[in-house]
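Every chain is named by a letter (A, B, C and D) in the order it is written, and numbering of its residues begins at 1.
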Amino acid sequence: MKIGVFVCHCGSNIAGTVDVAGVAQAAKNFPEVAFATDLLYSCSEPGQEAIVQAVQEHDLDGVVVAACTPRMHEPTFRRAVERAGLNRYMFEMANIREHCSWVGKDKDANTRKASDLVLQAVEKLRFDRPLQAKSFDINKRVLVVGGGVAGIQAALDCADGGLEVVLLEKTSTIGGKMAKLDKTFPTVDCSSCILGPKMVDVSMHPNITLYAYAELESVEGYVGNFEVSVKKKATYVDWDKCTGCGLCMEKCPSKKAYDAFNEGIAPTRAINIPFPQAIPKRAVIDPTYCRQFIKGKCGVCAKVCPTEAIDYEMQDSFVQEKVGAVITATGYDLFDYRKYGEYGGGRYPDVITSMQYERLLNASGPTGGHIQRPSDGREPKKVVFIQCVGSRDKSVDRPYCSGFCCMYTAKQTILTKDHIPDSQSYVFYMDIRAPGKMYDEFTRRAMEEYGAQYIRGRVSQVYPYKDSLIVRGVDTLLGSQVEIEADLVVLAVGAEASRGASELAEKLRISYDAYGFYMESHPKLRPVETNTAGVYLAGACQGSKDIPASVGQGSAAAAKVLALFSKDQLESDPQVALVSQARCVGCGKCVQTCPFGAIQLAEDRAGNPKAEVIETVCQGCGLCTVTCPQSAIQLQHFTDNQILAEVNALCQQAMEESFES
Amino acid sequence: MSPELSYAYYPGCSGLSTSKDYEISTRAVCRALGIKLQEIPDWSCCGSTPAHTVDHVFSAALSARNLSLAEQMGSDTVITPCPSCLTNLKVAAHRMEQEPAFQQEVNRHLQEPCVNTVQVKSVLQALIQDLGPEAIAKQVEKPLSGLKIAPYYGCIMNRPPEVMDFDDPENPVAMDEILRGLGAEVLPYPLKVECCGASYGVARKDVVMQLSGKLLDLADSLGADAIATACPLCQMNLDLRQDQINAALKRSFRLPVFYYTQLMGLAFGLEEKDLLLNKLNVPAGPALAKMQQAAEAAAEQDAQTKEQ
Amino acid sequence: MSAGNGRELRIVGFLCNWCSYGGADTAGVSRLGQPTDLRIIRLPCTGRMDPLFMFKALLSGADGVLVSGCHPRDCHYSEGNFYARRRLELAKRLLPTLGFDSGRFEYTWVSASEGKRWQQVVTAFTEQIHTLGPGPKFSH
Amino acid sequence: MDVLKLDSGYDAAFVEAVMNESGQDPFACYQCGNCTAGCPYTFVYDLPVHQIMRLLQAGHKGRILQSHSLWLCATCESCTTRCPNNIDVARIMDVLRHMAGREGMITEKQVKQFNDSFLDSVKKHGRVFEFGTLVKYIARSGRFWSDADLGPKVMRKGKIAPRPHDIKGKDEVARIFHSVLGDGKK
């Protein structure tokens, strides 16, 4: 084998603390090295050209570039060696910048280390084999999980781009949190006026199949070829027949059902259509409240329904869908306001959450848009808002900022003043986080034009006294305890990962952070991709965010899917496991170990069981290689021999040194 | 009947004097419920607040002496009625468990080292967790129907939760449950864990006037007939100092402040010598009379509805 | 030059590509200075880490071996790091019977964003190896 | 108020001592003020407790140890229970009080005198003798007893024991005093 070594200066980034020419000189003595030189900027156009020329001039079989981290330029150089006529896997990088020149000050030590790293790469390269990517067909359909504003946007953009879309929503209507909001910051325009048309578009779009009241049961397959099973939960109403007339709801005698859409502010009926603009507008029976289910008798809805849609015997059903990509848009849930005993949420009726307040403000909400205290229906005059409830609080394991509550609180003070002109709002805050376009101007308006009183400090306790709630807090700017006799207390509850987010992540094999939010591939440069090919993120499931950001990410995820599907075939990464038929004894250990189900047991011609890797499914983790008692299954490009060669290269050097001295 | 409950018992110094009524009624109630209290022989003072104000090893050593005595009795659980003692004993045990070096240091000052094996609980915790509210309710002979009670726990019985490890630190309910079982009407008293002024009655009386005054005011605004408490210091501040508070705040509260054990004894039908209600500064008579009237009125109502 | 005074010792690191290799990169990008004894081998996942590699390194003259992967639950391959942990715990326990101090081997978690943590891990481990001194050498 | 010198006024040894003795990290405090908001004693404090935390971050020993607040804190644990950053604030207050005591900066003499009288009684009898404590306190503080009105109530009801209960192990208890605190008061 003829190997070429190129040692990069990276200007002074490497050359400043490594004797680059010295390393290149030393490399000339390494096994099978036919050519070695140093380059000023390897990744620049002249740098790459020099590599291509050297390969051709010296008839090289493999290339080592000693430069920055392979996580940065490995693809760049692989393309370069390919241009030079080599297989792109006949290439190795030695990381002498991030792992060497940037972390050590001693030039001699760095130079020794750099040349060790070059030797290590050379030794590995000697075992490299050309690998060929396989092409495979893809299914150009996309599954969107979650029908909030982010999911809606992603679904519409994909559908407009010509893709078939399957949209999955676990509740009986799409719309997510935004459907519950009254107005939206920073423009204070009506939430349903801007969301409603989009929801209708979803229902009318010929490319979108909507499964509401449905959940993802299981996922098999890989990018381009996922097979998903969708569970359609029993609604006890035949949606093909139901017209959404609402007669059943009117007549249902069970009137104390929990109204999730209205955040429990008022009860609803056991058979329910969450709100008039629901998409799909279909009824669902809640069996925990329905008398037919509890007591075995009632049947009123079945009698009144003009289309005979009611079906008490209905069971969950399953449908299978084949898609090539998945976008998760499962949003967030709200922090449980009962966790702060000192605020009395859940104990004192007039201590409510911000989302409950949105429902009170909303003209189509249970109070018709009149702000009324839950306890006695009285119109509150003094409203206290407490920010950061369940955010930025290590004691409840929520150290992060939810990002949007400062803004919606400002919005709610403005709306409070609009609804009740002689009211006064008080906001307890720690910091005001309003970094968006027109955002800070908005919070200033709440204070300057609408007279909201902002108090810098936290509230330590809320308790009822006579007809009011005593709110005791601190004004840290004054250095004083402060007290307000409030009529209503609104808790700006923070966002947390959507319930069930981690289970869904495990099905999709994507990772999530310590709080259950989904992990993007790179926090800055790949914010809508996951580390699992073909799975993308949109909206608050990746981390709390407001509507503009959610919509932006929904569109971005759609663009990623459209780019993915712009080709008819995808190439698989050939750095996958490979079974040596001769060595495999068919014990099946690898089959059990593979987290991706990429190995199956087949029979060879003699009828002996042998492991077989499905190349397109294998993710290249190497678990199987370590598991196999016969060393029969080897991860290509990271074989036992290659890693041991690296170990040897590093230790040999040390051994020699230790005997020298 | 469940197997007999038996505990090492740490009465605390105030039980011998200012809170004798708490002490006597606690013992009487436990007797009635078949709970055996074995007083720790020759127990000494836990040092209360003044000790931990001076030094933590010192405070822990005073407590650990008693824990060690309980260990020598072969007991696995110590119970005490007084929250202040409870805090000192529990903080000492907790810290010795968390920091072996601290335990060593503490033991250096003791005659018999403390191995730290006994669990420390309040009598209240033992009653609710080990015996259970049903067993208590079963013992009731004279329900306290019609008596509106504000339950007040004091600031340190449940805080900080990492150490005290019992009930909710913001809204404890153990005493509520017991009182409800006695037939009383338990008011939703929101300042259950707010501080009463603690031991500042002597050195900074003004503080107690403000803090205890606020507690009385809230109970009064809720229409309480009485306050129930589990803490000698709270009881003293709210009861003994009630006249001082009235004078300082220009109010006229007349709220009897019972130990919850006294109320249990009342409902169990125990005798005055076991309750020592006569030791209350604000007399219990009017509240109890009101309860009596309410009970009679209810009985009459009952009889009438039956006739109809 | 190295953490201790005197000569550099030889430490071999096995890092997963997704988390710890990225963490080491992050440390580099942030110029977080470290002792120079360590040389890193990149693995796709710590699940690829065969305990044999560690034994081989120590027997061939390495003075210490450091393995670092993703935090539990963070594994790009969902569970590779769990396998790794189980295997490596066992391997660590075997070290004394082979004549190596078990302190010559550590297994840790560093995510791609934890450059600072990586610096601390490398510094602490290098110090630990210098305290133990050069490992036993077996010539072949 | 003086200008605080944030650079030269920072007393690193003091901050470290507080951290060591309390086992708490004052730098985790982000000044939300929740401790002050809930502290029942803020109204008599000269420095609200969150400002004590801030001064601790600024390393200003003098202002902290001179504060009256240290001696008025009742260890009610409200701050500790509600601190969003899990700081045991009450323990820090306790430790600061120990330090102030050691340095003889006792800004609330009566509180200290009351505590000392209490402890003297424990040292002598093994258990506290409340009546004796009171008498001693009055003598020590030289203050007219503001609770004179309570006397008759307490006496009449026999609520205060007229004689101490000496325990057998009182010498052992006294030894704890000597061996931890030394002969002088901490």
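Keep this in mind: a contact is a pair of C-beta atoms (placed from the backbone, for glycine too) under 8 Å apart; a residue touches a chain by one contact, two chains touch by 3 or more.
It should be emphasised that the depicted structure is a prediction, and the values quoted were computed from it without experimental measurement.
Enquirer: Have a look at A-C versus A-B and report the one with more C-beta pairs in contact.
Expert: Result: the pair with more contacts is A-C.
Enquirer: Please work out the Cα centroid separation of chain A and chain B, and write it as a whole number of Å.
Expert: About 51 Å separates the centre of chain A from that of chain B.
Enquirer: For chain A and chain C, what's the span in angstrom between their mean Cα positions?
Expert: 30
Enquirer: Quick one: report the Å distance separating chain B from chain D, using the average Cα coordinate of each chain.
Expert: That pair's centroid distance is 24 Å.
Enquirer: Using mean CA coordinates as chain centres, what's the chain B-chain C distance in Å?
Expert: 56
Enquirer: Could you list which residues of chain B touch at least two other chains?
Expert: Touching at least two other chains: 169-170.
Enquirer: Which residues of chain C are in contact with two or more other chains?
Expert: Residues of chain C never touch two or more of the other chains.
Enquirer: Give me the residue numbers in chain A that touch at least two other chains, ranges are fine.
Expert: Residue numbers touching two or more other chains: 342.
Enquirer: Throw together a list of every chain pair that touches.
Expert: The list of touching pairs comes to A-B, A-C, A-D, B-D.
Enquirer: Across the complex, what residues on chain D touch chain A?
Expert: Against chain A, chain D makes touches at 28, 30-34, 36-39, 42-43, 48, 50-51, 78, 82-86.
Enquirer: Quick check: in the complex, which residue numbers of chain D touch chain B?
Expert: These residues of chain D touch chain B: 40-41, 43-44, 72, 74-78, 80-81, 88, 90, 94-95, 97-98, 101, 108, 110-111, 113-116, 118-119, 122, 126-128, 130-131, 134, 137, 141, 146-147, 149-150, 153-154, 157-161, 165, 167-170, 172-173, 175-177, 179-181, 185-186.
Enquirer: Enumerate the contact residues on chain C facing chain A in the complex.
Expert: 1-2, 7-10, 12, 17-18, 21-22, 24-25, 27-29, 31-36, 39-45, 47-50, 52-53, 56-57, 60-63, 73-80, 83, 87, 113, 119, 134, 137, 139
Enquirer: Help me check something: in the complex, which residues belonging to chain B touch chain D?
Expert: Touch residues, chain B against chain D: 13-14, 16-18, 20-21, 42-45, 47-58, 61-62, 65, 108-111, 155-156, 159-161, 169-170, 193-195, 197-207, 210-211, 240-241, 243-244, 278-279, 281.
Enquirer: Quick one: in the complex, what on chain A touches chain B?
Expert: Per the stated touch rule, the residues are 340-342, 344, 347, 463-466.
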